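Quick notes on the structure that follows.
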Amino acid sequence: MIPEFGHFALIVALCLAVLLASVPLWGAWRRNTGAMALAPGLAMGLLVFSGISFACLAVAFLQDDFSVEVVANNSNSLLPAIYKFSAVWGNHEGSLLLWILILAVWTAAVATFSRQLPLLVLSRVLAVMGFVAVGFLSFSLLTSNPFARLIPGTPADGQDLNPLLQDPGLIIHPPLLYMGYVGFSVAFAFAIAALLGGRLDASWARWSRPWTNIAWAFLTLGIMLGSWWAYYELGWGGWWFWDPVENASFMPWLAGTALIHSLAVTEKRGLFKSWTVLLAIFAFSLSLLGTFLVRSGVLTSVHAFATDPARGLFILVFLAIVVGGSLTLYALRAPAVNSRVSFAWLSRETLLLVNNVVFLVATLTVLFGTLFPLLMDALGQGKYSVGPPYFNAVFVPLMALLVPFMGLGPVSRWKRDSAQRWKAELLLPAIAALACGLTLPLLHGEYNLWVALALVLAGWLLLGLGRDVWLRLRAAPTLARGLRRTPASYWGMVVAHLGFAACVVGVVATSQYSIERDLKMEAGQAETLAGYRFEFVELANFRGPNFRADEARFVVTRDGEEIARLAPQKRRYLASNQIMTEAAIDAGLFRDLFIAMGEPVGQGGAWAIRLHYKPMVRWMWLGAILMAVGGFITVVDKRYRRQRAASTASAGEVARGAQA
Amino acid sequence: MRILMTVLLWCWAVAALAVIETYEFSSPELEARYHALSQELRCPKCQNQNIADSNAPIAQDLRKQLYQQLESGASDEEILDYMVARYGEFVRYRPEMAGPTLILWLAPVLLLAAGVVVALLVLRSRRGDRDRGLSEEEQRKLQEMLEREQDA
Amino acid sequence: MAPRLKLFLPLILFAVLALFLFRGLSLDPRAMPSALIDKPFPVFSLPALESGETLDRSLLLGKVSLVNIWATWCISCRVEHPYLNQLTEAGIHIVGVNYKDDDESAKRWLADLGNPYSINIVDAAGNLGLDLGVYGAPETYFVDAEGVIRYRHVGVIDERVWRSKLAAIYAEIGGELPPSLAGAGS
């Protein structure tokens, strides 16, 4: 009964979404307050019924109801309870339901926290989100019903969850990623509402900024977790493969990064208004495109869900309606005439423009590279592959180009700045960054130019920020007042930029300094790597809840001192008979030691063993966490909690007034 | 549909295996080139994996071929040509900078150039000094407002 | 460009992209044409399974042949085997390549299931397979009378595939098609 109840709740949710997408919009058109005022209630209803539906599927998983097809295909009675729960979204149908639930959460959140918005705007925003929900709910119900039963033919036990997904990282990776993906629908909805209302002023930018920042922060965390999971679970020590599915999450992030910066200009200065609207549409379109790429099977990926052209067609039609519709609206309603706000060559506006150019070029490059095999195939030009060597070659220079400007950004002033001032403020940090960056790699023995470059760039960011913070606090009468007067959004920016610097260092250091050895080893043998002695002590058998494993026990020492005991495993899962490598990692702030088991070699008990020494690999993920934290901090900013509806004259409007 | 699922799951299983070859190389340079090339060659049979990470039989064959050719002194170019002649351009993860894939390499440069041109046009049309410019009083007022805005 | 028209640019770009994506739905990203199409069959010198005599590519000159890559460890090969027998009975010339296999099991297989091959090339090390760009068995190469590879079929050959697609290709490269094996279209 429970699955049928869940199915029914999903249908009710669809009905509510249809109402949400139509009634408030009609109300906004006819200026019917009653109709518009229904929007928040409908949004809440959508959340309640998607929540019920999701809970029903979760119960089916937890109760081992193998008469439900997705449960039978993706769970097993031996599976630990926590993985039974996460198995809900370890498959196409369930993950779509999670997507819907998260969309409902965002919609309800907008309805709850934006009560100060003019009703006209709020009803339009919620209606747009309702429309997106209609698309995904009907996609789920028509092509991917998670509650389909196997009656008759209920198996005695399930086929088990893919062992790769039986991992703590994969419990929270999809929800975080979807929080980000779907979160961009809020910025999108605000943009469409602004276009519908014909009022593209600084206020819509102010309203959508905190939402966009949160979504971006979630997406950052989601991508970071995915990379971390690939690193330890796929057993290869790689952390980014430029696989189409990874790119599908990375493209909205790149476009979102451009968006959060462009929103700043629009909010503060009333500039780039149509451009920012376009970026908001673009970021969410890329989220939808990602869904299409992952679930339609047009590209081959290691991570793809079981694909089905009918599903692909459905999403494509939906994509065409949403993106095509919004771009048509954009073409018809966006202001064609630029506002008369001006700024000088040397100004913060220019630097944010540079940010937008670089991130847009990066997004389009990744998009083009990802779709290139498809384009060539469609044109009958044959089969091509575009992989990591290409993406690294084009992406890294773009980011390197960005950082010099990025260091200037926080220090610079709106409207007009001067080279003398920049020189006065940043000459010292620049020299210090050069000195530190160029000398630090000397400590490592072999001098590496790439690491030196990365350190110079990261130092430039770090010291520039430090200088700016110091100047800011010094200007205040007391430190406490200085801290209090500095808004949260500023601290958010500082933390996020520091995170980026840490990421740059981590990525470059780990790619340049990593040492990897593939060896044939047997118990009793030892091997030395980067000063660490890896001793293979013994081979043991291990029995897990739903798997058996061979375990290679290692002791790692350095200068005779024990550093870690590591035990990588080769697992065989009982239900599916799948074999999995479970790497063992000794994590550290400055280096990871990583051991993975391959296959037995010969009959003498020797195994193929991979040893990795990965310096500073954690910096990359710590950096990503800092970026996300920065994004979250900005939301605390008091100015977003003020009466948003009140028509506070924004600085942009004042500046315009000053010119008129 | 079920078959497709099974095939996919099977490929997942393959993906889960860390592939570790224990070839003995005659020099560290060869070993480094082996690692680099095995990551640039795509396994023709797999979902989206290089031959270093795939455990498919064809990937094993290609790794062995790669190892033998490196040890017999073949250049990177010769090895890539050998693979492309048999498995097509598909096996290269780094498309060549010529022929139809040249556009792939030019695209970022062209995009960046277009971006810079557009940015310069925007900057020129927005240049503050072409306007009347703010009076001292207005400039002070603006900075004040912006400051207040940030501090609020 | 009029300012208003400029705003249509994103829409136009998206429309182009959507067309490509739509086309992509009907393409199979995993289908792989052989890199050897319209190239001569690779040079080889390998023993015959039955007699042990050394064979080379002159074997494929003079008439249209199907070169079938098979092995006893390949499950799908067993599936297509009966249909290969039918093709041979109808007069199609099929050359077998026994790929990375064991001679004894291969002989037993042919004795048990019938032998559709006019002759079998033993490719125990898989080198011919590598030169052909084989990535799994079964695969079937259509070679014309000049010994040039004209088509590759990956996977099982059965009546449906033969009639809907392969018969026409066979006829096109100059093969004489017995009426019993004519394609659906002719």
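Structure notes:
Order of writing sets the labels: A, B and C. Residues in every chain begin at 1.
FYI, contacts are C-beta pairs under 8 Å (C-beta built on N, C-alpha and C of every residue); 3 or more make two chains touch, one makes a residue touch a chain.
Going by UniProt, the chains are A = Heme lyase CcmF/NrfE family subunit; B = Cytochrome c-type biogenesis protein; C = DsbE family thiol:disulfide interchange protein.
All values reported here derive from a predicted model rather than from experimental measurement.
The most distant chain from chain A is C, comparing centres defined as mean Cα coordinates.
In terms of C-beta pairs in contact, the better-connected of the chain pairs A-B and A-C is A-B. The centroid of the Cα atoms in chain B and the matching centroid in chain C are 32 Å apart. Rounded to whole angstrom, the centroid-to-centroid distance between chain A and chain B, based on C-alpha atoms, equals 19 Å. Here the CA centre of chain A is 43 Å from the CA centre of chain C.
Residues of chain A in contact with two or more other chains: 299-300, 382-383.
Each of the following residues of chain C touches two or more other chains: 32-33.
Shown for chain B are the residues that touch two or more other chains, namely 88, 90. Touching chain A in their complex are the following residues of chain C: 3-4, 6-8, 10-11, 14-15, 17-18, 20-27, 29-30, 32-33.
For chain A in complex with chain C, the touching residues are 274, 278, 281-282, 285, 292, 296-300, 309, 312-313, 316, 319-320, 323-324, 327-328, 330-332, 334, 336-337, 371, 373-375, 377-378, 382-383.
Contact residues of chain B toward chain C in the complex are 44-45, 57-58, 61, 65, 84-88, 90. Of all residues in chain C, those touching chain B in their complex are 32-36, 100, 126, 130-136.
Taken together, the chain B residues at the contact with chain A in this complex read 1, 4-5, 8-9, 11-13, 15-23, 35, 39-40, 42, 46-50, 53, 88-95, 100-101, 104-105, 107-108, 111-112, 115-116, 118-119, 122-123, 125-132, 134, 138, 141-142, 145-146, 149-152.
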